[in-house]
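Chain lettering (A, B and C) follows the sequence in which the chains are written, and residue indices restart at 1 in each chain.
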Amino acid sequence: MAAVPPNPRKMSRSRIGVIVSVLFALTLLLLPPAAGYLETPYYVILVTRLLVFAVAGTALNLVLGFGGMVSFGHSLFMGIGAYSVAIPAFYGIANGWVHIAFAIVAAAFAAAVTGAIALRTRGVAFIMITLAFAQMFFFLTVSLKQYGGDDGLPIRLASSFGGATLKQPVLLYYVVFATLCLIIYGSYRLYHSSFGLVLRGCMINEDRMKALGYPTLTYKLVAYMISGAIAGVAGFFLANMTTFASPAYASWTVSGDLMIMVVLGGTGTVMGPAYGAFAFLLIEDLLKRVTDHWLGTVGVIIVLVGLLAKRGLWGLLQGRSR
Amino acid sequence: MIGSLLIIQTLNGIQFGVMLFLLAAGLTLIFGIMNFINMMHGALYMAGAYVAATLYNKTGQFTLSLVMVVPITVVIGIVLEKLVFRHLYDRDHLDQVLCTYGFILIFNEIARSVWGASPYFMGMPDALSDTYEVLGVGYPVYRLLIVGAGLAIAIAAYILIHETRFGMLIRAGASDRAMVAGLGVNINLLNTMIFGIGAGLAGIAGALAAPILSVEPGMGEGVLILTVVVIVIGGIGSVRGAFFAALIVGVVDTVGRSMLPFVFEGFLSSSLAGAAGPAVASMIIYLLMALVLAFRPNGLFPVRGR
Amino acid sequence: MSGPVLSTRGLIKRFSGVLASDDVDFDLMPGEVHAIIGPNGAGKTTFIKQITGEHFPTAGRIALGDTDITRMRTDRRILLGLGRSFQVTSVLRELTVLENVILAVQAKRGHSFRFWEPAVNDSALREPALAVLQDVGLGSKADLVARTVSYGELRQLEMAMVIASDPKVLLLDEPMAGMGTVESKLMVDLLKSFRGRFSTILVEHDMDAVFALADRISVLVYGRIIATGTPAEIRENKEVRASYLGETA
């Protein structure tokens, strides 16, 4: 699904998507000062969470939307990112560069190892193996009692970069926002690049790609590692936001939620996952305030999304069909 | 002392393995023959547990309660299959994951709303809460019953798969779906029956588990993951693989979790053992899975032709 | 180069009791079009799959030039110069015509670990791809999504992809399948225009096409090659007429 439509008649409708996105970005840019003015700082934290999951969703989209890999592993990578802050902080290391380097390297490594095993299979097997690995990490974090175990690990020292620490909500907000913009743009460039073309080809017909001479496993693995590393960064942000790292961050249901966000927003589109993350989390938040049975209602929504969401929110904005 | 502990844990492992087999047998066929990702298999297990507990608490008839679970969960499975899941067979796995995942939340919500969030207690008749002497140790009669019931079902499954026409279709479908459709078989009926049987097996597993485990919302998810590991190790689509893998996983997990900390204490410093023991024990099944996959990406008993 | 560009010696393939390839010796000489014909079930597809690497032979050797490729992975064989056409359904339909050919070109140009620049703008990829599209007659359709072009054009795209990967040996597996008379003629003309550029193995049922294109023909029956020769020789061959041509010619 190319982001560049060949038909000039449809150009004006895809412009709508761009315009909406620019307006959206402006709103996000102005939110912290507005919240400060209205003395409702809670909104900064609320939207930071949306932004963090938008990053994670965009990361997942690289393999799910561009590569067709239904991976439950991304909760694992987010969890690694979170504990990459919590564990060094536990030992008194507050250096943000250490935290983020840890998050990226550890997540990429985990992606390499789990991917090397899982990607030798396809279809149902692949999905289930990534699920199993995600749970393995979950149980590992639960059993590490010295790092909090089931209760999670509070983070007393947030990541500090030079003088600034990410404990300041507004600073964290803008850092995550900037990262999201960067990741989305990178995702766009990746989509059209040589690597992206190979990845998309693998999703459409892997046997054909092999027949063209591509070592498809290698390309999928690299994509998986990049995707995992970015999800690790999202976990890093999550830990700083909540000043907490918990096994719950690594639960497979987080991966499930990420998938919903990607599908809701538009699988395989560049902007879709971000919109999906915002929409899903805001709906969830709204439902929590309105009814006790919010979890079941979310379940119904998810079923409907699975049954009906063909183009996702981004596709609706663009007015194009798949 | 350690000997009797080992015996008990091994028996527990076998009992656990038998329950995993009940779950895995149905799910591996759903994965392998229907090529359908069913995340809510654990929810059907939970449904079986709640139904059994409710019936027993209302009627006091233990055997009847367990038996009645089967038609009820089979019907639930068939209704879901016909109304919703059937429309997803031609869709992406992703869409299947989403829909069935949504149903997990719905089922958990129903459980929470009707029975409450705290565990719902199911007792058992006095006759069954006795112990029986096995290899010099006293072992709960009920758990032996589970092993017996599970083995009986395994034998029935073997007969079904190898001696009946339906079973032949299953074996054919496991290795070549398109061919079965081409044989003029009513594929829709076959799918519904497979799903229904899977649901019934999951339900009976839940019913059997109810007196000894916590019946509560979300009880299905943990066991779902282990079932998935069993299926991956055994080979997707293979009931035989599910049987052996289930026993292996059940025993390794149970014995590993209880014994590994002791083993570690034997030759590691106590602080390291205290940290590493439980950590490795909890991961041991997944490490086993990774090991199997490293040598046999398609599982121990792959169905040929895939 | 004097020896064959591709050869098999004593190739045997057994599928639990069924002998699909029965001691097949085959040579493809440089620049020739060597057709393989035979009744359905004769083992033509199995033979091709052993050359591409989708099946490994039970016994025997396959060599590409001087290199033994009997047990080599498919993508490595492709990089050594093997090219294969497919049934049309394996064109990557969600991509544009140009992107499909670029993928073919890209595969042979070292690695594709470039993450930033758009592939279609890379002149090292774009130019050869457009040149090939011109050769097959699809130059004007480069930016159309593959799903939107006609069936015949998909076939041309398929050819373009195979040629774009600059193969030494071309495997054409029933390129005329499903084509009407007009389209078949176009495809034959296209293949004729590539005469001498590649060494080609042509598996085909369409006898008109085979006799128009082939320099040599081998006849495969029950997994065995029963005759090899020029089209004229094959036409006259009594055994071939009895077991195969007699029914169709």
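Some observations on this one:
Everything below uses one rule, namely that a residue touches a chain if its C-beta (ideal position, glycine included) is under 8 Å from a C-beta of that chain, and two chains touch if they have at least 3 such contacts.
Everything quoted here is computed from the prediction, not taken from an experiment.
Among the chains present, the centre nearest to the common Cα mean is that of A. Taking the mean of C-alpha positions as each chain's centre, the chain lying farthest from the centre of subunit A is C. Look at where the CA atoms of subunit A average out and do the same for subunit C: the two points lie 43 Å apart. Centroid to centroid, with C-alpha atoms defining each point, subunit A and subunit B lie 31 Å apart. Work out the mean CA point of subunit B and of subunit C, and you get 48 Å between them. For subunit A in complex with subunit C, the touching residues are 1-2, 6, 186, 189-190, 192-198, 200-201, 204-205, 207-216, 219, 222. Subunit C meets subunit A in the complex at residues 52, 74-75, 78-79, 84, 86, 90-96, 99, 102-104, 106-108, 112-120, 122, 125, 143-145, 161, 165. The touching residues of subunit B, counted against subunit A in their complex, run 31-32, 35, 37, 39, 84, 87-88, 92-99, 101-106, 108-110, 112-113, 221, 225, 228-229, 231-232, 236, 275, 278-279, 281-283, 286-287, 289-290, 293-294, 297-298. Residue ranges on subunit A touching subunit B, taken from their complex, read 64, 70, 117, 120-121, 123-125, 127-129, 131-133, 135-136, 139-140, 142-146, 252-253, 256, 259-260, 263, 267, 293, 295-307.
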